[in-house]
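Presented sequentially are two complexes of chain A, the first with chain B as partner and the second with chain C.
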Partner chain A sequence: MGELRVEGLCKGWDFPVLDRLDFTVAEGEFFVVVGPSGIGKTTLLRLIAGLERPDAGRVLVGGRDITGLPPYRRNVAMTFESYALYPHLSVFENIASPLRARKIARAEIGAAVRQAAAMLRIDELLERRPGEISGGQKQRTALARTLVARPEVYLLDEPISHLDARIRHELRQQFHGLEELRRVATLYVTHDYAEALSLADRIGVMGAGGLVQVGAARDIFERPASLFVAQHLGQPSINVVEAELHQTGGDGAVHWAATGAAGAAGGKGLTLPVADAHRAALSNLGTATVMLGIRPQFVSVLGNAESAAARTGDGSCTDVAARDGRGTAGGGLPVIDATVELYEPLGATGVLIADAGGVPLTATTDPDRTFHYGERVKLRLRPETVLYFDARSGANLVD
Partner chain B sequence: MAAVAGGAPPEAAAGALPDWFAAKKRRTRPNLIVHRWVPIALVGAPVLVLFGIVVYPTVWMFYHAFQNTNMMRLFRGNWSFVGWENFHAVLTSERFWDSVQHLAQYLVFGACLQVALAAVLALTLYEVVRRDWVRVVVLIVLVLPMMLPPSIVGVLWKFLLTPSNGAINAALLHLGLIDEHIEWFNAGMSLWSIIIADVWNWTALPLLIIYSGRVSLPPAVYEAARVDGASGWLVLRRITLPMLKEVIAIAFIIRFMDAFKFVDLVYVMTSGGPAQSSELPTYIAFQRGIREFEVSEAAAYAIIIFAFSAILITLFLRYLKKVLKAQGIA
Partner chain C sequence: MSDSSYRLVRGLLLAFLGLWLLLTLFPFYWQIITALKDAAETNRTIPTFWPEVWHPENFKLVFAERSNLQALIDSFVIATGNTLASLVLGTLAGYAFARFPRQAGGENLAFWILSNRMFPPVAVLVPMFFLFDATPWGTDSHLSLIILYLVFNMPLATWLMMVFFRDAPRELEEAAYLDGYTPIKAFFKVTLPLVLPGMISVAMLCWIFAWNEYLFANLFVGTAVKTFTIVIPTFTHGSQTLWNLQMAFSLIAMLPPLVLFIVLRRYMVRGLSLGVVKG
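Showing the complex of A and B:
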């Protein structure tokens, strides 16, 4: 037993995939690596499992260096993206195979297999072959095969990503219930941010070359270290607006104005104040170009009554910002005029894409409202939820 | 719009869509030559050819198997019905049952040994040799004998196995493995010589089949086995061989079917001799029918061989179907 530790791991073929990767998964921790396809997540697991040889670096389990060991001496268990079930063997034999390899007594194998199968609710299928069960059942068989091995480290490669949405959700809940996975270090790899947020004790976001940010789910979602992280987590995707910072007045107030879109689309532009909390970090940048990240769930669409009450001068927020220096209006928050471009009713929520002075903004809306193309709406932003990133490096400028 | 449809009904012109099917509806009489006679000719010609070279000779053979036809009677046209006499003669002759024994020897040590040897070679080549170009070179070398015509192979091995000054005996003597020449073509050895030549000639066929079968097995399954900690022997026994079962069965069926029509090496190397000690049933049928013009007896031989192989192949196919069904493939 012990922690999984990766030190300076490097791997590349004609191109570098992992570059000096360092991280630690504590004993009992569920660590999720999330990142776009083809970024090297599976390679990382294969390196830890011993299926690939690293170019440099070490892998340690409980302080024991396993870098040079063959897979079967590492005491790790891995599920494969393609499930990798043995097609000619029954579900029972598939689950039993790691135990058979260790020459464990027949009765013990039977008990262990049945227990794992019952836990994953596939105990009805033990006599069938992989060709005769569904995708979700195959996945659970592969998982059961991994669980019976009772290794020191679990490596799970996109275990539920290829299943349809409903079963994915069901299996995600099952993962929460599997105490075995909370016993030792578990490394779970996925491209689905929702799985990561739902399951992880800690998340590592993988970008080109390695982990871009490691932290608790909430931290990563609320304080992404870079634009890449912010864009990768969240559905619908975060709004990214290129803007210019301006100092206004003598009291140190700062506001930003969207660049590019305003002139080209003939819109009126989009200008909003910077929240007090962010002002200190941003004011010393002077007049600088930044990338703004605005989560769709923090863009709210005002109801009809609220809209009427909101005082927005001649309809453009630009005037509001210029007039009182703080850009507050109506309920004390900036209100933006926008035109509906696209509305997707998704049942539990709706996704609205609206043109705000030449800048397209995505907002999540209440399910009980519908919008039509061309409709005029009022959007409200909460300045303290806006994220600021460096235009060139993408680094978070505030946190 | 009416102009586009070319004579569409007038109501279609009033804003409605044109009748796109008008052109099709108008043509009521299909071209008889194209639609009826061309297909008949295309299907009919090969059917006629097949009938001429397969069906007619087969029927002819079945007919003459129950006559007392030989060359003279065939020319004079005075053959007569003899019932099961030909079959009775064949099935009670020592020569036939000797040849069946030879066939069994050939099936076990020729066909089976070839498939077993091919499986060992193919899996060794795949698992042990890591460089692609080495694999390709080895494959080409192993496949070369298959490219040679059987007559050449026969002559080649006849030379190699010549007792007094053949290369094989010389090599064995030189290595000290034997003290005196092996008489490769005496009564006890001649069939073994044929089998050696045949193994050399045809092992590459099952080898190619099994090798390609191994190549197409999913690598992820093997990685899973490696992580599970299965030893090489366990992987072979629990994964590779079971997954290659059908492929090996197919290789076996092919060599098996070949065994029942195997005649060329026998003819070139020993002509069934000495003293009929290397005759196979097919060779006797050939000898009796083509060289001695005992048409009816040869026909009886052919039918017996056919029945024999049909039964065995049916059993094989039934087994294969069961295997495939168990895996949900067929």
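Showing the complex of A and C:
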């Protein structure tokens, strides 16, 4: 047993896929790598499993260098995105396969297979062939096959991404309950951020070339290192607004104005103050173009009573800077006028897309509200939740 | 389309199919009734379409000559030996072409092997004879034909097995490696069972080719070893051809491939549905 360590791992074909990748998964840790499709997540697993040869770098398990070992001598178990169940063998034989490879006694194999199958609730299916069971059952069979192997490292490749939502949720809960995964290092890759947030002890967000940020789920969600990370985590996706920073007055107050919005119909812009907490980091940039990240969760749609109370002046947007440098309407927070473009009631929440002075903003709402195309609404932003990214590099400018 | 014209088209179609059936089954019918006639009746200027006197003993008569049974055995040995050799070589080569195309010489080598099947066999008949004549076992032996037929059957086996191996997902082999199987063990545990139906189809094609081959057999063997294909034309009495015995013997020679096909048919159908692995 021991930790999984990856040192300076490089792999590429006609183009680099992984570039000097370093990370460590501690013993008993559940490490989730999340990233868009085609970014090299599966390649990473295949390198650790020994199915591909790295161009450079080392893979160590418990301090032992396994880079040169073939896959069958690594004691690493992996589930494949396609499940890779042997179609000509029964579910029982599929699960027993790693034990048969080690020539373990028949009775012992039977007991181990039955135990794993019972834990994953597929013990009724042991006589069937993979072609005769459902997707979720196939996935559990593949998982059982890796569990009975009792390897030193688990590699799980999008194990539940292709299942329907209900089974996905059920399997996610099962992952939480698997003691076996708490014994060794587990590396889990997925493109689904919700899976990552739900399962991970730590998350690594993968971008071009390697991991762009590693940390606890909360950390990554609240303080993304870059625009790429912010865009990748969260549903609905984060609002990205290009804006310009301006110093206002002598008190060091800073506000931003959305690019393009000012010139939009009616000449009204989208201009909001920068929260006090962010001001220090941003004030020395002077007049600069930045990318703003505004989570839909932090854009609230005011109810009718609140809207009436909110004094937003006569413009369609609250031009805070023009007044006193503070957005103080509606409970001391900036309020902006917007026009409904699209509303999706999704049951547990609603997703509203509204046009705020030429800038489309997505907001999550209560599920019981309804909006119609063209309806005028008031949105309230919380300046302290706005994220600021460099327009060119995408790096987080505040944290 | 109206109901009556639909019925007309359907009628014409059935008539055409009936005619086609008649055309294809007639030779088979003629073979059977000829085998049951006596020699005189087979030589009439106006042929009879139903035997006047039945002679089922013709089927026993062909074995009066012991060498005729031996010819069937020789054919069987050659066809089976060649099929086994084709399968082993074709499976290994097909696997290499499917899994390691670059290391195994790539598409060009694979195509070159297939192209060996495309030249007219007659073109190499004589050179082949001299080549095999120079071997220790000579031309008139089981081994010479077993090896010679590889020229035709191995390219077929290689090419078909390559296609079957390409259809067998590589990921299954990789899963087996991770289960702890070495590449050779993984091949036998996972990949070979997947292509087995395909292999059976290939075996049938090879076996039937070798069983039926006449051209090379006629030139190569005939004294120590005889195949049934070169025995069939020898059923003569003076200048007269014994059509009835010839037909009886050829009907008997048809049985082994027929039985083989019936027994292995369900594997052939499964071979066609290979590749449905994920579903």
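One rule holds for everything that comes next: the second predicted complex is superposed on the first by the 386 of 399 C-alpha atoms of A that agree within 3 Å, B and C clash if a C-alpha of one lies under 4 Å from a C-alpha of the other, contacts with A are read in each partner's own complex, and residues count from 1 in each chain.
Quick note on the criterion: contacts are C-beta pairs under 8 Å (C-beta built on N, C-alpha and C of every residue); 3 or more make two chains touch, one makes a residue touch a chain.
Keep in mind that what you see is a predicted model, and the values were worked out from it rather than measured.
Visitor: Once the two structures are overlaid on chain A, check if chain B and chain C clash or fit side by side.
Guide: In the superposition, chain B runs into chain C.
Visitor: Of the partners chain B and chain C, which touch A:28 in the superposed model: first, second, both, neither?
Guide: After superposition on chain A, A:28 lies in contact with neither partner.
Visitor: If we overlay the two complexes on their shared chain A, which of chain B and chain C does A:77 touch? Say first, second, both or neither.
Guide: Both chain B and chain C are touched by A:77.
Visitor: Per the contact definition in the header, classify A:129: touching chain B only (first), chain C only (second), both, or neither.
Guide: Touch status of A:129: first partner only.
Visitor: Now for A:234: first (chain B), second (chain C), both, or neither, which partner does it touch?
Guide: Neither partner.
Visitor: By the touch definition at the top of the document, which applies to A:62: first (chain B), second (chain C), both, or neither?
Guide: The answer is neither, since A:62 touches no partner chain.
Visitor: Using the superposition on A, tell me which residues of chain A are in contact with chain B and, in the other complex, with chain C.
Guide: The answer is residues 49-51, 70-72, 76-78, 80, 82-88, 97-98, 101-102, 131, 145, 149 of chain A.
Visitor: Going by the contact rule at the top, pick out the chain A residues touching chain C in the complex.
Guide: Of all residues in chain A, those touching chain C are 49-51, 70-72, 74, 76-78, 80, 82-88, 97-98, 101-102, 131, 145, 149.
Visitor: Along chain A, where are the residues that touch chain B in the complex?
Guide: Contacts found on chain A: 46, 49-51, 70-73, 76-78, 80, 82-89, 97-98, 100-102, 129, 131-132, 145, 149.
Visitor: Please name which positions on chain C make contact with chain A in the complex.
Guide: Within the complex, chain C contacts chain A at residues 169, 171-172, 174-182, 185-186, 189-190, 193-194, 276-279.
Visitor: Could you please specify the touching residues of chain B with respect to chain A in the complex?
Guide: 218, 220-221, 223-231, 234, 238-239, 242-243, 245, 326-329
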